[in-house]
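Next come two complexes built around subunit A: one with subunit B, the other with subunit C.
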Partner chain A sequence: MDTINDFISKFSEQFEMTDPSEFTPETHFKDLEDWDSLVALSIIGMVHNTYNVKLIGGDIRSAITVNDVYNMVVSKI
Partner chain B sequence: MKYNPFSLQEKKILITGASSGIGKATAIECSRMGAKIIITGRNKLRLEETYQSLEGNGHSMMIADFEQENDITLLVEKQPDLDGIVHCAGVVTTKLFSFINRNELKAIMDTNFISPVVLTQALLEKKKIKKGSSIIFISSIMGPKVSSVGNSMYSSTKSAIEGMAKGMALDLSGKRIRVNCICPGMVDTGIISNGAISEEQLYKDAKENYPLKRYGSPEEVAYAAIYLLSDASNWVTGSSLTIDGGYTIK
Partner chain C sequence: MNAYIKAISYYVPETIVSNADIVKDFPDWSEQKISVKIGIKQRYISKELTAGDMAERAANKLFEEYNIDRSTIDTIILCTQSPDHFLPTTACILQDKLNLPTNIAAFDFNLGCSGFVYGLGIAKGLITAGIAKNILFLTSESYNKYIHPKDRGNRALFSDAAAATLISTNGILNINDFVFGTDGKGAKNLIVENGCSRHPDKSGIEIDPENEVLQSPDYLYMNGSEIFNFTLEAVPLLTEQVLARNSLKQEDVDLFIFHQANKHMLKFIRQAISIPEEKFYMCLEDFGNTISSTIPIAIYHALKNKDIKSGNTIMIAGFGVGYSWGGVVLNFI
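Then we have the complex of A and B:
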């Protein structure tokens, strides 16, 4: 399993507008300007392909920070 | 004798994917129209539930996994001469195109397209499909008419089945075997509610995108199957019946 920083790197790639350098573990990713349902599906796809973990819409909805998503992925490995 | 052009009295009909959703509703509704139903599915418990819900007598059930060639052979051998087949077995895999891979594409294409086609061919080869019978594929508006985010793979399987149905309709017309598709919009079954989208989002989607302001019920698709299985549709082949609450007219 990746470190939080490697995870953030892959996570941030799913956002078209926000610069990767702006992402921290505490980032409230759903408040970002380019957040939408397509980005949510991209994160689900990235997590599935990279970590073989299946997140669902409900998981993304209940997460607030990038760290929340990271912890969810770790718990499902 | 009551006049009923949609009667399925004494017709023997094979229904796949009958453990749940559209397949289950189709089996039950066809039994209520007098048909003798053979149901098949992978889930023993749920298939038995469907079986217990069938009206009348003379029905049978068989567990089969169409990815196993052996299961197909056994299923085919056990069939009586059929008056109709309704292919309801299918899966949905939602994934953005950028993330799909060959294996996932092959898997969904196999379940939704290859398996029903191969099963039908095997039944024909063993002469289990009578002249004048009716073959139905449950397709979708996804693919043949529209698509939606994350559903490119699913859409492709349904477009494939529609193309195949038209070709089959021509090839089998000599035997008066009719081949048609039903294209449902979003129907309330378990296939979609496996967590990808929230309840409120689904409710909002129904209100905003469906002129009739709701999703369909599995029974409403089953009624279309009854029409296509009955003698009332003896002049209907190669067609695609859209059951979508008006979604595709907007």
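Then we have the complex of A and C:
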């Protein structure tokens, strides 16, 4: 499994406007200006293709920080 | 005996919905965002036309474009999930409207995005068994009649259209070996729940995003994240199985023509299978997701643009509502 920093780098690529350097484990990603349902699907797709882990809409809905998503992925590997 | 695709035509209705039209109704979206992310610049709405009307027009275009003698058709197969009536079968009505002989077989089958591949499978079976010689295979959907006007996501994606494919004992694309799949557990994730026999009464619930009402059992419902996960699991495996069934390696395939769901999903599917971009056909921008007609429309344009050359090997795959999926290899003669 990737470190949190590797994960953040892949996570941030799914956002088109926000600069990757702005992301930290504590970033409330759903408050970012370019957050929407398509970015949510991109994260699901990235996690599926990179870690072979299935996130569902509810997982994303319950997560607040990038670290929350990372922990979910780690727990499902 | 082999079965071949001999000719393809398609019909799109007159009414175009541009991204500017969508943004007018949903001001917090931008035209650029729809076009860049979903990969669709315009889609078509059938309005007063039914799926049967569009299928009729597509069939007439096919007959005219390729100068086909109607009396040679011995079977009509229509793939639709938006039939004109509960009964009779729309394909029977089309026999009459298209002035086809009465000594022909006609039937509908109900599948969505996998429908084109299934139709080729049925047609190949009828031809290789010696039951039919010239099959008019129609795909036609008017999903927009099922979509609530305030359902932004589905309105941006789905487009109404019909395609007509002639499948025969000779032709240009040889139909090789199939793989099919089904998982009914996914039924609830892409569904129009009310209005048919299980739940005949409408709930009256209207989609109202401002008050957080994002779905209604009276209209088309799609669980985007579930469908996305399904395709990322099913399509790479399907591709592997279709290649194995046809004794091919991935590099033997010249062009992959997959159901044109949306750009976003196709990008992740392509990455999951590691198909180079130049071998992964895109035909989405000007048509939208026309359900069972995306693959024939894409093949039509790949042929017209000479993106398919003599001797090429093509893999097609359809996947979606059901869940249902299927793939096959075509050889351009």
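Following the convention adopted for this analysis, the second predicted complex is superposed on the first by the 77 of 77 C-alpha atoms of A that agree within 3 Å, B and C clash if a C-alpha of one lies under 4 Å from a C-alpha of the other, contacts with A are read in each partner's own complex, and residues count from 1 in each chain.
Heads up, the rule we're going with is that a contact is a pair of C-beta atoms (placed from the backbone, for glycine too) under 8 Å apart; a residue touches a chain by one contact, two chains touch by 3 or more.
Note that this is a predicted model, so its numbers are computed, not measured.
When both complexes are overlaid on chain A, the residue A:38 reaches subunit B and subunit C alike. In the superposed pair of complexes, A:60 makes contact with subunit C only, with no contact to subunit B.
Within the superposed three-chain model, A:5 lies out of touch with both subunit B and subunit C [touch as defined at top].
When the two complexes are overlaid on their common chain A, residue A:48 makes contact with subunit B and with subunit C alike. In the superposed model, A:24 makes contact with neither subunit B nor subunit C.
Shared contact residues of subunit A, touching subunit B in one structure and subunit C in the other: 37-38, 41-42, 44-46, 48-49, 56-57.
Here subunit B touches subunit A in the complex through residues 94-96, 98-99, 101, 149-150, 194-198, 201, going by the rule given at the top. For subunit C in complex with subunit A, the touching residues are 36-38, 153, 223-226, 228-229, 232-233, 264-265, 267-268, 271-272. Subunit A makes touch with subunit B in their complex at residues 37-38, 41-42, 44-46, 48-49, 56-58, 61. Remark: subunit A residues 16, 37-38, 40-42, 44-46, 48-49, 54-57, 60 touch subunit C in the complex.
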